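What follows is a set of notes on a single structure, which appears directly below.
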Amino acid sequence: MSKRHLLALYGNFEEAEAVVQELRNATIKGFDVNDDMIVKSPIEHPEVERFLGDKPVYVQWFTLVGALLGGILGFSLISGAQANFYMQLKGGKPIVPFPPNFVLTYEMFILGGVFITILGFLICAGLPAKRSPLYSTKVSVDNIAILVEADESAISELKAIFTKHKALEIQEEAGK
Amino acid sequence: MIDSGSVKQMAGHPFDRRDFLKVLGWSGAAVALSGCGNTSVEDGRETVVSYVEANDYMVPGVGVYFNSTCAQCDAGCSINGRVREGRVLKLEGNPDSAINKGRLCGLGQAGVQHHYNPDRVREPLLRNGNKGEAISWEKAYALIAEKLAGVSGEEIAFLSGGVSGHLKVLLGNYLDSLGTKNHFVYEAIAPSVVRAANLKAFGVEMPRYRFDKAQVVLSFGADFLGSWVSPVHFSQQYAQFRKGVNGQRGVLIQVESKMTLTGANADRWLAVKPGTEGVLALGIINALGMATGEVAELVKGYDKARVSRETGVSTGQIDKIAALLKLRSPSLVLAGNAAEGYAHGSQNAAAINLLNQVLGNVGKTIEAPVSVPFPQMVPSKGNTVALKNMNDGLAAGKYKVVFNFAANPVFTAPGAFKFKDNFAKAGFKVAFAHYLDETALQADLVLPLDSALEDWGTQVPEYMTEGAQINIQQPLMERLHANTRGMGDILLGLIKQKKADEYKGFEDYYAYLRGAVLQNKGALGGGGVEDDTFWNDTLTQGIVKLAGTTTSLAAHASAAGLVLPAAAEADEHFPLHLIPGVTASLRDGRHTNQPWLQESPDPLTTIVWDSWVEIHPKKAAELGIVEGDIVQVTSKTGSVKAQVYLFPGIHPEAISIPVGRGHDAMGRYAKGYGVNPFQIMDAVFEAATGELAMHETRVKISKTGQRVLVVKDEGSAGALQMGRKIAGRVSTDQVDLSKEV
Amino acid sequence: MKDIREDIAWAKINQDVMKSLENPRKLYWVILFLALAAFGFGVGCEIYQYRTGMGVENVNNPQVWGLYIATFIFWIGMSHSGTLLSAILHLMHADWRKPIYRFAEAMTTFSLMTAGLFVMVHIGRLWQFYYSLPYPNDRGIWPNFQSPLLWDAMAIFTYLSSSVLFLFVGMIPDLAIARDNMQPGWRQKLYTLLALGWEGTDRQWRNFRVTYLTIACFLIPLAVSVHSIVASDFAMSQQPGWHVTSFPPYFVAGALYSGCAAIITLFIILRYVFRFETYMTLPILKKIVRLTFAIAMVWTYLNAVEFAAVWYSHDEASKAVLIQKMTGTYAPFWWGMIFCGSVVPLVFAFKRFQTNIPVLFAVSLLLNLGMWLERWMIVAPTFSHGYYPWTWDHEQWPSLVAWGMVFASFGWFTLLFMIFCKVFPSVSMYEVKEMVYHRTLHLKKSENAEQGAH
Amino acid sequence: MSVSNLLENWAQVRHEHPNNDKPHDPYKWAMAIDLDACTGCNACSIACYAENNIPVVGKERFQHGQQMHWMRVERYWDEDGREFPDQGFQFLPMMCQQCEAAPCETVCPVAATNHTADGLNSQIYNRCIGSRYCSANCPFKVRYFNWYDYPTDEMVWPAEMQQQMNPDVSVRSKGVMEKCTFCVQRLSAAKVKAKGEGRIVAEGEVQTACQQACPTSAISFGNLVNPDSRVHKQWAAQQVELDKDKQAKNEEEEASELRGYRILEELRAYPSVMYLERVRESAV
């Protein structure tokens, strides 16, 4: 069954919240509030999470893996290189010394952490992303947009809800 | 005996040593970054031999060593030159020489820079206005012959530095052929007065000094570690003297008005009022109380109080020295530059020799010298009387043709002589020169010489040690510039103009030398040896060792005629004594264009590349002078401007400017660096010998208001260790040398 | 006074900031031109130095390091305040950082890049620079990981790449704004590319928040490690005057100090050039000034600690270096440093100067001069007064070439910074909106509370 | 670079030299300089210029402190208020001390200066990038940097002078650090020769240029490990131990009556050059 997108813009956060609450409460066939709704906002609203429900974030696991990997790799690379390079004999110091290697390991730990975190962010946030079918530049000004994807059948119902809450604008994807 | 007459029938067979030189000329395995296009060899004028068929003494990449003789000063150290791919790279001491025993001073090491100097004269140059025009050797010889034609012997003068060996013989023969007796042997810095005094006291000019046997050395301004007579040899003896016999370390006391390198190494350095060295010597004799007879009579008046007053040395110090000299015997007392450089220099030296005699050193630490059994090869010793005589002759316009060799009188003659102006009065001036030095620049004809590392020769040192020796000088490499000639070759060429028949057997100086040596094979210790073998061995060794004849030593230093003038009154207008500083590496300035020597810091002040005026800090404070101030130093004769260095090792009544710098010629490394104190030197002479009294010039100094940064090696902490243990020192009572290795 | 007005329309925020990308005041072009000229001069100096040899820096054998190293530390130090504002204050939820952290973070990036230049300019054989990089090779040759210089390289690389990423990630929402508001053209293409398709969806924001926080957490220890490693270049050596335990915190304090001073300077310049008066407000400036004052006092204290530590240690050589700093050849510079670093900031203690822009501008420049002198006083006196008296002080003064290069580094930095500010939004639009939003929420809450009380 | 290599040779790579190492075998080059014999004549320094292709920098660069003398002769006197330095000066030839735990080695970012098996502090010219950190960390300041491109400088090495250069020693271009090598080219030649003959280099077989020139034989050089060497005997007689930062003899209550010491020993760089204090007569 073909699906269509619908985008509604709201001027302030309370209105958007009310819409989301209503969508959540309403049972519309062909529309799942958890999967088919995206809220777009110009700023980061911590409240969004509250009304969208607890959605997990996995970025920190990337961080952990990255940092550990960076540290371990760093230490073994450096020590391995030193052990292989006997020319490097320094008077008064062993060939593989700990204090300097610790410093470098520390840096590699951070480097790995940062890089993999960014990677994690891109993966988790799905960036770089294809632009969604409906978007309004007003989101980047001050409007909050609610993008829904629903079966053809549910569109009118959704539109009604949006209109009821005085959507500033409703964009509709052209039918296929 | 070698003389030209008996040598003439000896034909010189060119030995393969010369092939060696030709072969060595070029190599494919060139030195990293080696220059191109400088040598005649590289120009392709000589045969290039492939290494594929190289002689068996050539291994590419392996250094070959050849013995020769150092020509940087007259000490006659034997050198061992390292040659690779046809280039001489480094000079080292020849261990077989009794003089330097494998050691070599900085000056000697720099000999390669004399050889490779970029400012050498490369062609015979004829004066054309203010320029030198390159001419051919044939033309040069013809010109000399032309100029000499019809000139009487009286009108010819030949000025040279000290010469010895076969060159001296040949030179003598040439001068004979010209019929002239005007050979002026000139050395700007030579112990001439001491020689004369020694002759009087010991019957020889230069006895053998045995520092190694002495327990105490008391030196009156003799810089035997730096520039005096045979410094490398003396340094070695000094090392033994310091190690001592039975752990009794030798004590060095140096008495002088300006510290020398030797003074800097003394256990006790005493600054005396300039010129009072003799007084102190007599005072010590008095304090010793060992003298008898006329000597006792003489020194009676020199009681400690008077001596202390006149010399500035404390009575306590005189007592200590006397006590030490009494306690430790034998000792050795020396008279050096500082003692002889006054109008009463002979008297100073005599007083010092008297002290030696009183102490009984003669025969113990002062030994009879040996000399080579060929008197005609014995060095003719240069002095300043010769310069004065020649200068007088020049001033009178007596000379039509003047030759100059191995001396630079325009640079080193005291300003008061006005030598440069007088020199101009000579008709035709020929300079045999390595570089266009000040004198060569004044010459009409400049004949380019081979460097000491390209030339053949023999040399007899004035000061010899165990037995006599004749040093061999041989080329260490092929001529660098095609058109230079050895002095011997030139002389031979000139002499052939006069006596072609006698000398026609000698193709060149090499042939002459070889012939002369082989002719006296027997006397040289080669009796019964094949000619070639003997010659080969001689060249290999670089030294011919001879038993030598020992002169006996007289001990007749006497008090007769010994009158020391009272310390000179201060001159109101010129209150300070000017002491020309003689440094180990620059001497009279003939090697100033060797950059290693320019950049080697003066050991005492650490100054490089420039001259300086040494002033005692106390005096400087009095005059309001600080380090780096440019001061004008004025004497009766002239004035120079130089930077000041505050130096505690100088008597406050004296200042010192080192000699050797201040060239206005001699190429890129010498020209324009520093000032020349000879220029302001007054013409004061030593009373007995007529030598120039180098320390008698009085000067005044005035600030010019300019100040520069003194270019020196020491940092802003100066000579201080700031409480850190860098250069440690310990006194003899805290150390047990007998435990040492 | 309020940090920022809460009644600014969000659309106006967009408008104001977007305007900065297009038509700054004329002064902008003047600054850009001067910067370019200065940089060009430096390029000339470098070409000359590259061809002639390092001698033209007028450094010598005991004093092998000169202005370049001092200026290197200066630029590294300057980078630290960006991190202070963007990371530390972010963790503390200090809202006032929001309008200004973006340019501070850019300052971090560009001063690191400038510092990196000095590493290049300093080394004797620039053409062999790659020897210091740990790249795998057949010969099995590696750089020496024991050398603090290598730690430096590693730390700076980590710091620079993390800072760039941090700057970029934090800018993504703004890039989307720029994309949405820009006329079609190369700029819009650029923003479209860099915005990575950001639409402000809830998923994006959710991950964004965690990421931003995580990197901020990493950046704080990283920044501290970077400057303490720079301190290690000196503290890990054996030299008197360098081998000081308090060097790492001293360097970090100095770094924050000079960075804050630079922020004040740039704050004032940007505020004027890009007409950012609404966002870069005086109350915010006042906060920075107070922060700077606090850091100045920390720095002063650490200076004293260095003296105390050396004094108690009885290490004669180190003592001699300190005494030499105060009384020797470098005394004018050392006292200049004390004056600029410890006395001048006392101006900040006076309320009326805390918002006086001309005074602050002058003072911030003086502080930076003081901090530059500090770096020079760290580097030079030890060389001229080390363990070995024989090599003390050769009357060494930097040459024109060296000064030219230092001068040029300011040009290079300004050039990069000014271009950045013209190409990218130097005020964080979305965060200013958040700030306004938080303020309105706060106001609303307090109004509600008041009403409730009635 | 493999980690397995690291783990297999763990004990070896954790070895600290010289603190817990076996002595160098079979060579440890070392020196002893008798300051009582040194007259400060500079022959050593000039010999070093000749042997090692050291550029003469000229007056202006010398003024800027850019001189290159690997071996410098320092001169000290007392300044204790006396009018004259009446005990003479103290001369000290100073060159790279070839420290066993050299501060310069650790800090080089590209490992251009390292410790060799025979106890030298080596400098690899073509690895050097010219960071000058080694010199910054050298307590003796005996490292010299090529501030200019001396080999191509007409004043320093005109074409004629270039022919004097020792082909056994690299010519250093601008931007690299250099220093005394203990005449490593001579050491290598001697070692190779000895190896070919199945022995170790004998005492006296190899001399450094400075040692060879010294008119008073103040410098002795040799293999410290070889009990027959003069250097070994001197070190032993003076009770100076290579890997100690405080010599036992100085701890004794009685003054040792020995004069061997190493400069700035307390920094634990363990220099390979022992100096013998200058002696001055107490009787005058």
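In this document, chain identifiers A, B, C and D correspond to the written order of the chains, with residue numbering beginning at 1 in each.
As a working rule, contacts are C-beta pairs under 8 Å (C-beta built on N, C-alpha and C of every residue); 3 or more make two chains touch, one makes a residue touch a chain.
Keep in mind it's a predicted model, so treat the numbers as computed, not measured.
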| item | value |
| --- | --- |
| Between chain C and chain D, the fewest steps along chains that touch one another | 1 |
| Of B-D and B-C, whichever chain pair has more C-beta contact pairs | B-D |
| Central chain (by mean CA position) | D |
| Most distant chain from chain A, judged by the mean position of its C-alpha atoms | B |
| Intercentroid distance (Cα basis), chain D paired with chain B, Å | 33 |
| Inter-centroid spacing, chain D versus chain A (mean Cα positions, whole Å) | 63 |
| Centre-to-centre distance between chain B and chain A (centres being mean Cα positions), rounded to whole Å | 90 |
| Shared interface positions of chain C, touching two or more other chains | 62, 140-142, 144, 146-148, 150, 387-388, 390-391, 394 |
| Chain A, residues touching no fewer than two other chains | 77, 81-82, 84-85, 87-88, 90, 93 |
| Set of chain D residues in contact with two or more other chains | 1, 67, 72, 74, 106, 111, 264, 269 |
| Category of the chain touch graph - line, ring, star, complete, other | other |
| Chain-to-chain touches, reported pairwise for every pair that qualifies | A-C, A-D, B-C, B-D, C-D |
| Of all residues in chain C, those that touch chain A in their complex | 9-11, 14, 134, 140-142, 144-148, 150-151, 154-155, 157-158, 161-162, 165-166, 169, 172-173, 176-177, 179-181, 196-211, 214-215, 218-219, 221-222, 225, 229, 232, 430-431, 433-434, 437 |
| In the complex, chain C residues that touch chain D | 52-55, 58-65, 122-125, 128-129, 131-132, 136, 140-144, 146-150, 153, 233, 236-239, 383, 386-388, 390-391, 394, 396 |
| Of all residues in chain C, those that touch chain B in their complex | 62, 316-317, 320, 329, 384, 387-395 |
| Of all residues in chain D, those that touch chain A in their complex | 1-3, 5-6, 9, 12-19, 99-102, 105-106, 111, 114-116, 121, 268-270 |
| Interfacial residue positions of chain D with respect to chain C in the complex | 1, 61, 64-68, 72, 74, 94, 103, 106-111, 127-133, 135-137, 139-141, 143-149, 174-177, 264, 267, 269 |
